[in-house]
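These notes open a run of structures that come right after.
You will see chain A twice below: alongside chain B first, and alongside chain C after that.
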Partner chain A sequence: MTTFTRGFHGRRRGEDDRLPPGQYLAEDFPVLSAGPTPHVPLDRWEFTIDTEAGQTHRWTWQELTALPYEEPVVDIHCVTSWSKLGTTWRGVSLDVLFEDVESTADYALVYSYGGYTTNLPLDDLMDGKAWIAYRYDGEDLTPSHGGPARLLVPHLYFWKSAKWVHGIRLLTEDWPGFWETAGYHNYGDPWREQRYADD
Partner chain B sequence: MQADYLDGNALAGPLAEIFAADVSAAVSRCAACGQTGPVASLRVYDRAPGLVARCPGCEEVVLRLVRSPDSAWLDLRGAVTLRIPLRDGTGPGGQR
Partner chain C sequence: MTRWRVARLTKVRDENGTARTLVFDVPDWPGHLAGQHVDVKLTAGDGYSARRSYSLAGPEGVELTVQRVPDGEVSPYLTLDMEPGDELELRGPVGGWFVWRPDGPAPVLLVAGGAGIVPLMAMIRARRAAGADTPFRLVYAVRSPEQLCYTDELLRPDPGVSVSLAYTRRAPEGHPRPPGRLTAADLGPYGEADCYVCGPTGFVESAAALLVGLGHDPARIRTERFGPTGD
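Up next, the complex of A and B:
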């Protein structure tokens, strides 16, 4: 297990320094959802990586939770303007899941139980920047917050951290997801305030 | 438990900014399951980055609306048609 803290770089920064432009500090954890909450039984849950060459890598719940995990402590930033600092998660790094995946794809389309999708460059999932998270604040991740497991990619606006994650499709061309096709920014960097398509 | 969605009347205000007619009074046909019903009967998820209106029959997305500071983004892919009630255009003063 590895425990580390993101959001602190060298000396401890103040809360104001950790709030991207246009964000306010939330003490609670707002629940946002574009549809009904899926309830996926763990014995039927699976996570899949589909490569551009047609290969499929699958993990059952037991297999995923048996992998080495990390406990990232990260700041999260929702495009609706709330930020939450120092959130504690447990999850498997995408670096672990991609260890045996051969791909030259540049893009990833993340898909969820319930039909949600979101896209991002594959590089943004690698090198310790993203996890499949299944515990939050010391408890199993609740369905309202995306349980049993969600993507956690905290350096982008939180709509990219897909709840109820089911899999990742690797693509040679970018394929915009649910909010990215409806006016939201294709990349979504909170520090550059990339909220809407033209930002 | 409180429902996590509103009824389609919640679309009336946001859509009034775009359309001259009251779209919440229209009848929509779901592109996924074919169910026909008033827009006001759609299930509107508003605790999200935009409004997402879903079919009460199959829960597929019928309409999405995102309001940025300078634009409205409207996605009607999930609706085959909207039947929008209009005043009689054939009678006296009509344009037909």
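Up next, the complex of A and C:
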């Protein structure tokens, strides 16, 4: 049953069939983070993939940015209800980074400089669905938006696109991350409106 | 939490020229922690609906303080048009990180920028309601005196809670601190503390960096940011 709010008309700004349920269009790019912005010098930056067998694959900043990149143009959806359509990024596909990684794990725990974590099924990082992104809208990614590099996994709510990404740990069982243990949905599909734990 | 509840507006109180507190009657409200927020959903007569998140302002019941965003879609309705008796839908409480529990033993440092005061005020009120003696310090930055919320309540003595105001553009006559951006001197010295910073993105970025610079453990600095679209 819907409750109507007397006198509310709304703006209908940005009605669009590319908007998942309950989302509205943002013109700017809001920032949401749980703590201070970490600043990671590029000469000390690294990205790692740790397998369930204990193997570590490691890339320095030079190594990562020398890899073949893609420039995905994607819609992003924040759980706080704003969406931004047609955002342009540059980054390395996780498919490239996983080329030499041997794993039978089903789950990934992404961890960041500053201590943030988020979890998702490994399948959601594969097959052209996710990138380690280091440029946004033609510019280097700023620290407040997750620079030097962040995970970009736009088909899930944006908290899964971990800022200041440091590495990915492959796990044989699911290990809920920061927001996933603080009341938010474990998977976070915007099209099924999986915002909170019991959605 | 999933369930949308019907919330009926019972009381409104203007906090200043652009912010208003709205008190709702919400049957079966499960209670919440200071710092949590709710999602509200407003549905127009033709079925169009808009939703936004707002921080809870008090320790009990559903009390929201909404800052009007020029050109906003929802906040102008809530701050100007909605009247007692009107209804909206609401779900929550939401958020398990930016919260303070009255049994938290550590001293608390609250840093508010503008409308970022709302969840921090909820923490001060929760402390008072629980009779807790945890030392609290609030540093509240606003552009000018007209932007202050909860002015009378904050000026009233509350043992164990120290309040300093930092005006960033224009201070009232006789205010000891000249107007200007928040600096490290405004935030320190203060010993080890659980820090909560809430405000617009730029403010939170700089205040959190100042706290890290003063030696606060980044893991004990909790932030909540809202952008211009977060109306």
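Just so we're on the same page, the second predicted complex is superposed on the first by the 184 of 199 C-alpha atoms of A that agree within 3 Å, B and C clash if a C-alpha of one lies under 4 Å from a C-alpha of the other, contacts with A are read in each partner's own complex, and residues count from 1 in each chain.
Methods note: a residue touches a chain if its C-beta (ideal position, glycine included) is under 8 Å from a C-beta of that chain, and two chains touch if they have at least 3 such contacts.
These numbers come from a predicted model, not from an experiment.
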item: Touching partner for A:Pro38 - first (chain B), second (chain C), both, neither; value: second
item: First (chain B), second (chain C), both or neither touched by A:Trp159; value: first
item: Comparing the two partners chain B and chain C, which touches a greater set of residues in chain A; value: C
item: Which superposed partner A:Phe47 touches (first chain B, second chain C, both, neither); value: neither
item: Partner chain(s) touched by A:Tyr107 [first = chain B, second = chain C, both, neither]; value: neither
item: Chain B versus chain C as contact partner of A:Ala182, first or second or both or neither; value: both
item: Contacts of A:Trp61 with chain B and chain C, given as first, second, both or neither; value: neither
item: Chain B versus chain C as contact partner of A:Trp82, first or second or both or neither; value: second
item: On chain A, positions contacted by chain B and by chain C; value: 30-37, 80, 115, 179, 181-183, 196-197
item: Complex interface listing, chain B residues touching chain A; value: 4-5, 45, 47-50, 52, 54, 59-61, 64, 66, 68-69, 71, 73, 75
item: Touch list for chain A against partner chain B, complex; value: 30-37, 79-80, 115, 159, 179, 181-184, 195-197
item: Contact footprint of chain C on chain A as seen in their complex; value: 2-13, 22, 24, 26-38, 80-82, 114-115, 144, 178-179, 181-183, 196-199
item: Chain A contact footprint on chain C (complex, rising order); value: 1-2, 6, 39, 41-45, 47-53, 73, 77, 81-83, 86-89, 94-98, 201, 205, 208-209, 211-212, 218-219, 221-223, 225-230
